[in-house]
Structure formats: structure tokens, C-alpha cells
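What follows is chain A paired twice: with chain B in the first complex and chain C in the second.
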Partner chain A sequence: MVLAGLGLLFFLLPLAGLIFRAPWDQALAGITAPETATALELSLFCSLAATAVALVLGIPLALVLSRTTGNLRNLLRALTTLPMVLPPVVGGVALLLAFGRHGLVGSLLYQAFGIQIPFTTAAAIMAETFVAMPFLVIAVEGGLRALDPRYEEAARALGARGWMVFARVTLPLLRPAIFSGAVLCWARALGEFGATITFAGNFPGRTQTVPVAVYVALETRPDSAIVLSLILLAVSLAILVGMRDRWLGAP
Partner chain B sequence: MTKAVVAMLAVVVVAGCGGSTWTGYEPLYPPLTIFAASSLQPAFDKIGQKAISQHIATPSFNYAGTQTLTAQLLQGGPGDVFASADAAHMTSVDSADLLAGPSRIFAHNKLEIAVGNGNPKGIQTLADLSRAGLVVVLADPSVPAGKYGQQALSKAHVTVKPASLELQVTGVLNKVALGEADAGIVYVSDIVTSGKVDGVAIPDDQNIVADYPIAVLKSTQNQAAANAFINFVLSGEGQGILKASGFLGV
Partner chain C sequence: MARVKVNRAGFALDVQLDVDEGETVAVLGPNGAGKTTLLRALSGLIPVVGRVELAGEVLEDSRLRLRVPTERRQIGLVFQDHVLFPHLTVLDNVAFGLQAQGRRDAKQVARRWLERAGLDDRAGSMPRELSGGQAQRVALLRTLATEPRLLLLDEPLSALDVTIRAEVRRELARQLASFRGVRLLVTHDPVEAIALADRLVVLENGRIVQSGTPEEVTARPRSRFVADLAGVNLLRGKSHGDHVKLANGSSIAAPDAGEGDVFAVIHPRAVALFLTRPEGTPRNVWQGETESIDLHGERVRVRVSGQVPLVAEVTPSAVRELHLAVGAPVWVAVKATEISVYPA
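Up next is the complex of A and B:
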């Protein structure tokens, strides 16, 4: 009990600090300031796009992970979870070396089409996807492993083909795991800073997401940094609470 | 068991006393924490080694953008010496009453255009940075280098559309070194010590001279050693190291 209380306190004190130090008289001006709106809009767009990409690529990856066994599975699993333990800045450097103008893949893109990924909104989405997708993969893989194989077997016995089984039986059963994974993934993407600043840089309206804007503001206008942080906090909290009720089946 | 616990407690109590009341012992080379602007790193790493080998002090360095260091100090970050990349941030630390004494200018720096090795885009002047299709990266105006860069560009009457406003000069340097950016504005000292980029000089009438002030912090535990370190930075030897790293001496 005491430890649980301490744990909760440890989470809540920094939030309390933000709330107590917030310049409430300036909060309204901060919320309506065009820079804030730009950063918030970009943050929401990038984090939702990153979650969408993670859903498209992450669910198949989780399927493959859940169907492999032994050493191969351990290796694949370690590789997918690597971005979770990697410092995000290192992830950003790795993305630069892969997708930059002189990177492994990026150089081909640049030479063939003249496309440069870094410094674009696409780069911010990629950075967020890189860091956040593992959360979705892990959640979905856990859901798949907890799945009772008899439902799929029954569907197959009744004559359903592979795709049909997946779409009509597996996916609906996986819904809670997919939603909780997607929410975690989205939350991680929304807070992403290190990989974004390294790979995508910082430019208002293009790559300056709220966490980056907070960092910039912290050093010149600490008050607006606190206001921005509070806004991000409120938006995240509202969406997390809303999602729980609607899709995760809150008890 | 109880004996062991008592013994451990005793050790903890004795050790706890050691720090505050045991005045008979003074370390030979007092430890110093130096808050230094990231552009100073190559020079200060060498100065630090000299300070250790000459038994002046044992400095450890907290390198970051000057604006980050200032924010840390204003939030109560403990340090002995603050070396800033501009006068404005030193002033804001001073007005928060965090300095033990007046600051002194110990070095100057100028700006240069950083370009890829061999200058593949043939950049000659600041005006070239406004060329279409060129990827230019600058430091954010909240960073001293970014503020100076803006001043230089407006002196040259050039408007640049930067691809990114990096939060540290090293961010600009790295993006040019990795080839992601074609050009950026950094300090001469960055180019001298980087070795991975080439520099294109900016004429004096468009350039700025950055002053680097240094001061002892009020939170110091070791005023004498902190002063000795600053004197070493200002000495002929310290200035020599700074000049070899591309700074201008005082």
C-alpha cells in the first residue's frame, strides 16, 4: 500500500508542479496563440499517422512473431523491441543513416527521384513510428498468444479459408489487444522528441511537434513551455479517458 | 544479524559526518563542475586535462547549449564555473544573483558557413544560401549561434528559408557533416575542430564577434579552485589551446 502510494505520488508530483507553476493568466493566450495551434495540429496529425502506419505494418509483424518459435522468434522479438530500449536520439541517428540523403535507402531515393526525407513532416511521422510501433506489436502479439486456437480451428473446420478466418474470427477477437496497443503506440508517438529532433529537425508547421516546441520554449519563454505542456497533458488525458470508456471496456 | 546492521549503520553515520564536519582533510586537486557552452567542448576538454596535470583542479564538464545551461542554473543546477557563449545568458544568470563575482570575457568567436567537404555546391557568400534547392540548416534563434546567424544574415541583406532550426550548433554541424544539409552557419571554432566539414569565410562587415564570458558561480564549494581554473583559461597556455581550436584570444 505504502509503496503503491509512493509510486502514485512519484507520478503525480511533477504534474502538480506543472499545474502550480502554470501562469494561468497567460494560459488562455497560450492556448489561442497561433504557434501553439500549429504545433498541436502537427503533433496530432503526426502521431495519428504514425499509429496508422504502425497498425498496417505492426499487426502482420505481430502475427509472424506469434507464429514463429525458438531462436528465430527470440531474435525477431529482440529486433522489434530494440527501439523501445534504444535512446530515441540514437534511433534518430540510425534513421538518418538509413533514410538520409546519403543513407542506405535514402541515397537511392534521392538519386532516383530527388526525394529527401529528413526535415519533412514524413520524417517526423517515420521517427514517431520507429519509436512507437513496438508498443503495438508487443500488445498485439500478447493478444494473439492469449487467443484460444479452438475458435480459429472451428472456423476452419466449418470451411473458412485463411483470410476469412483472419478477418472474421482472429481480428474481432484481437480487438481489445489492438486498441490498447494502438493507444499505447499513439501516446508514445505523441510524446516523441529525441528521434524527431535528430531525424526531422525543428521547423514550425513542418516538423516542430509539441514536445519539440516545449523544449524550444523552455529556454526562452518558460511560461509558454508550461502552458504548452499542460495543453499536451490535457489533450492526452482527454483522449486516453475517452478511449478507455468507448473501446477498451472500462470495468 | 543485528550486529551487522548496527555496524552498517555506524559506517553510514561516520561516512555521513565525513562530508560536513571532518575538516582535517582537503583533496589535493579539488573537483570542479564546469557548465560550458557546447562549442567550447574541444578546447575545454584539453584545458581540463592540463588543469589536472598541473594540479590546478579536477574539472568535470557539463556541456550543452548555453540556453540549456542557463535554464539548468536558473532551476538551481549546482556548479562551480559557468562559461557562456554569449553575454546575454551570462547577464540573466547574473541578474538571478547566481554569480560569485563579475564575469570576464575569455575568448571570441566568429561565424563561418559550414559546407560539405570540398564545397560541392560551390558556396562563396551568405547570399548563396538563399539559392533555390539548397538545403540550409540554421541554429534556432534561442541558441546564441542562431541569434548571431540571424544578425549576420540581416547584415548581408539575405533571407534564407532554413530546412530546420537546430537546438544546438552541433546539430547544424552534424547535419552538414552527414550530407543532409548543404550548408549551415556555425562558429569558426566548430569547423576547425570538426574536421568533417569545410568552412567558407564570412567577411568582417557581415560577420559578428561572439564574446564568451566566464564566471564563478555562487553555488561553488571551492572558490579558490574555481578562480584558479578561470585564471588558467585566461593564461597564455589556456589562450593557446583556445586559439588552436579556432577561437580568437582576448
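Up next is the complex of A and C:
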């Protein structure tokens, strides 16, 4: 009991600190301050874009994962979930080595098209996708495995070809799994820091998302950092409350 | 129509099956006999070693490495529990197969099917709002609307409440009668099979053990499963002229059936029970022990263990007179002329 209480306290104290130290009188001004608004806007844009990319790439990946078996499946699973356990900074470094100007793919892109990815908004989106997509893949794959295969069999017996089965039966039945996966993915992308600052850097208006802005502001304008943190906290809480049914099994 | 062999971990299915157009064949067998596997194989959902042919067209031939995928077989598959698409309305469910065929009038045609079945008032309902019987009827319409050449029904009634089963069975019989293609029904319920099928095929452990009209099959059971559903005693042994030697060494007197492996069927009403050893004509007399006593309508079925385990059917008053009780000793007598013997 005592240990459980300590554990709870350990979570609550920092949050309490955040709320008590918040410069409430300046909070409104902080939120509407141009640099905050810019960071928030960029964060929303990047995290939503990352979620969209994750949906486009992650659903097919989950399909492949759910239909493979044995060692290949274990390997693919390990690869796709790696970013979940990898320190995000390492992810950022890895992205730099792959897509940087001297990177594996980046050097080719630069030579062929003169395209530079690092330290652009695209890089921020890529960093967030890299870290957040596994959440979507895992959720959708779980949904696929829980899907009664007879729905697809019934559709095929009725004469539906592969694409029609997918679009009219599989995808609609997966909607709850896709939705919760996308929300998780979006929340993770919104809070992404390590990979973003490593791969995309800290350019206000271009790659400075809210978490990056918090980190930078902490040095110079701690009040502003607290306000930004509160915004992220509010978003997390809103997601938690909204997803309560799905996650906690609460009524 | 089909020679189907399927080998899966620990289970082998090997079936040769011919079904004529316009005929309903019921594949009857206990759970685990391979009935569902057979349907899935015919549907193309699992690969087959052998050949599947439908109205002269080869759907699958493992030697030619030919395999028509499920969606192009023009089959209809009805599952035990409807498997309606939960996110589509009743109308959209019925229209699904027609849309898959690229028909523009899919919804109108689907509506006509619903009207004819008296279900048009449920067209806008979601499947979860239907009763079990309605859902299964919609599932049947969804399949029939595609006008399949082969209709496969997998225990279509067994998930339903007993109270509505008869109603859905009548509708199914009506729909089957107006359906022109090949009809194959799989079931473990003899009532379902006899009510709906022209011919029975009994499947056990992945093999066909018997086939014929319901009358033929129940008159001469060739397996314990069929004997049980016909309610008769089935013994197997070697015939030696006027007696049959059973596998456990005991011997029963029976009409002359030549030599060789035979089945011997004894109707429970032909089994007489006595308190003391009976005198007189019956040549088959054993002592046994009462194992169970069950009331079946007006008759009582008494299971007797002993050198030849049998079920006897007697009147309730006989039970009183004989002081029958579970565990009590009892004498069993069967007239040789009451035993029907036929080659195994």
C-alpha cells in the first residue's frame, strides 16, 4: 500500500508542480504569443501529417504482418516495433545516416534531385512517423488478428475480388482498431522530441514543434515552457479521457 | 462431381461425391467427421488433392495444378451462424454479391428478394437488430440472390433456437425446391438432413461410410452413428452360417447370412427382458445388468450391459413388473428371426 502510494505520488508530484508553478496570469498571453502559436500550429500540422503517412503505410504493413507466420513474422514484427523501444535520439541519428546529405539514400536524392531532407518540415514529419507508426501498426494488426476470417470468406464466396473484400469488408470492420491506433499514433507524434531535434533540428516555424520549443524555452523563458507543457498535458488528458472506454475498459 | 482429398495435421479427408443438378444431398456425420472441411474444400477456401468438377467445368485439379479461386466459382456458402456483414444494412448485405457481379440494379434485385421472403420491412435494419431466425433467412437470401451454381449449406439451422428452427427449416425447404443448381447440405442433425435432403451421405472420420435415401440408410445402418440416429442396436461380427461371432467372442444366433463380415441390426422392441431365465423358443438368451433407464414418450429404453450390450424398448408397466432398477440383474432374450443381418 505504502509503495503503491509512493508510486502514485511519483507520478502526481511533477504534474502538481507544473500546475502550481504555472504563471496563470500570463497563461493566456503565453498561449496567444506568436512564437507559441507558431510552434503549436507546426506541431499540429506535423503530427497530423505523420499520422496520415502512418495510416497509408502502416495499414498495409499490418496486413502483411497479420498474414505472415513463423520466423518471418517474428522478424518483421521485431523490425516494425523497434522504434517503440529505441531511444528516439538514436532514431534521429539513424534517420540522419539514412536520409542526410551524406546518408545512404540522402546522398542519392541530393545528387539526383538536389533534395535535402534534414532540418526541414518534411524531416520533422518523418521523425515523428518513424517513432509513432509502430503504435498504429500494432493496433491494426491486433484488430486484424481478432477479425473473424469468415467475413472475408463469405465475401469471397459471394464473388468479391480481393480489392472489394478489402474495401467493403475488411477495412470497415477494422475501423475501431484503426481509429484507436491512429489516436495513439497521433499522440505519440505530437509529443515527439528526441528524433525530431536530432533529424530536423530547431528552426522556429519550420521544425520547432511544441516539445522542442519547451526544451529551448526552459533555458531562457521558463514561464513560456510551463505554458507549453500545460498545453501538451491538456491534450494528453483529453486523449486519455476520450479513449477511456477503449483502454481502461471503464464504463 | 468431386473427388476431394484433404490432408491436414492429424486429419485426412478422402471423399468421392456425385451430386446431380436439382438434387439436395445431405452430408451427415458426427462432429469432427470432416463435414466443414469438405465444404471449405469445395468452396476453394482450402486446397484439395484431387478434382472438383461442377456441371462439366473443372474447378480444381491438383494434378493439372488448376485451381479456380473461391470468388470465381459461382458458389453459394451459407454458414452455421449467418455471418452477415455487421456494418451493412440487410439490403446492402443482400445486394453485396450482386454488386460483386457488377450489376447496376443490385439494390433493386436485392429488394425484390427481400419482398418475396416477406423481409422487406427489415431492409434498412442492421444485422444485430435481427432475430436469429431472420438473420439466417437474410443470409440465405444474400447467397441465393447471386444465383450460384452450387449451394453449400453448413449446418444452416443448428445455431437457431429449437422454437424457430422448424419455421426456418420450412422456408429453407421452400427455397431449396425452387433453386435449380446443385445443393449440398452438411449437418450433424438427422432431422435437418431427412427433412431437407433427397439423399444422405454419411461421413465419419473423413470417409463416406454410407449413402442412399434416408429410408435406405436408416434401414441398414453401417455405423454406430447411423444406428444411434435410427435408434437401433448395431452389432458387427463374422457370420458362420446360422450364427454371428462378435468381436468380443460371444456368439448370436441369426438368420443364415452366409460367411464373412456382417452387420447385425436388432430393433430395441425385439429385445425382451425377463426377471428369470426365460424358457422356450428364443435362442439368444443372456444375463446382463441394467445400466440406464430412460423414458422416451410412451416407451422406456433400457440399456443392458453384459456379453452383448443392447438397448431394449419396453412399456412403463413392464419396468414395474420386472423391478427394473439401475444395477439390477436382468435376463435378455432376442429371437433369431428378429435379427437382420447384411454384409459389412
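The working rule: the second predicted complex is superposed on the first by the 221 of 251 C-alpha atoms of A that agree within 3 Å, B and C clash if a C-alpha of one lies under 4 Å from a C-alpha of the other, contacts with A are read in each partner's own complex, and residues count from 1 in each chain.
Please note the rule applied: a residue touches a chain if its C-beta (ideal position, glycine included) is under 8 Å from a C-beta of that chain, and two chains touch if they have at least 3 such contacts.
Quantities reported herein were computed from a predicted structural model and do not represent experimental measurements.
Considered on the superposed chain A, chain B and chain C are sterically compatible, since they fit side by side. Of the two partner chains placed by the overlay, only chain C lies in contact with A:156; chain B stays clear of it. Contact with neither chain B nor chain C is seen for A:23 once the two complexes are overlaid on the shared chain. By the touch criterion defined above, A:14 reaches neither chain B nor chain C.
In the superposition on chain A, contact is made by A:173 with chain C only, not with chain B.
By the document's definition of touching, of the two partners only chain B reaches A:197; chain C does not. In the superposition on chain A, A:164 makes contact with chain C only, not with chain B. Minimum Cα-Cα distance between chain B and chain C in the superposed model: 49 Å. Comparing which residues of chain A touch chain B with which touch chain C, the overlap is empty.
Across the complex, chain B is touched by residues 96-97, 100-102, 116, 118-119, 197, 200-203, 207, 215-216, 218-220, 222 of chain A.
Looking at the complex, you find that chain A touches chain C at residues 148, 150-151, 153-161, 164, 168-169, 172-173, 175.
Note for the complex: chain C touches chain A at residues 43, 45, 69-72, 74-77, 79, 83, 85-87, 96-97, 99-101, 142-143, 146. The part of chain B that touches chain A in the complex is made up of residues 65, 67-68, 70-71, 135, 137, 140, 142, 162-167, 171, 175, 178-180.
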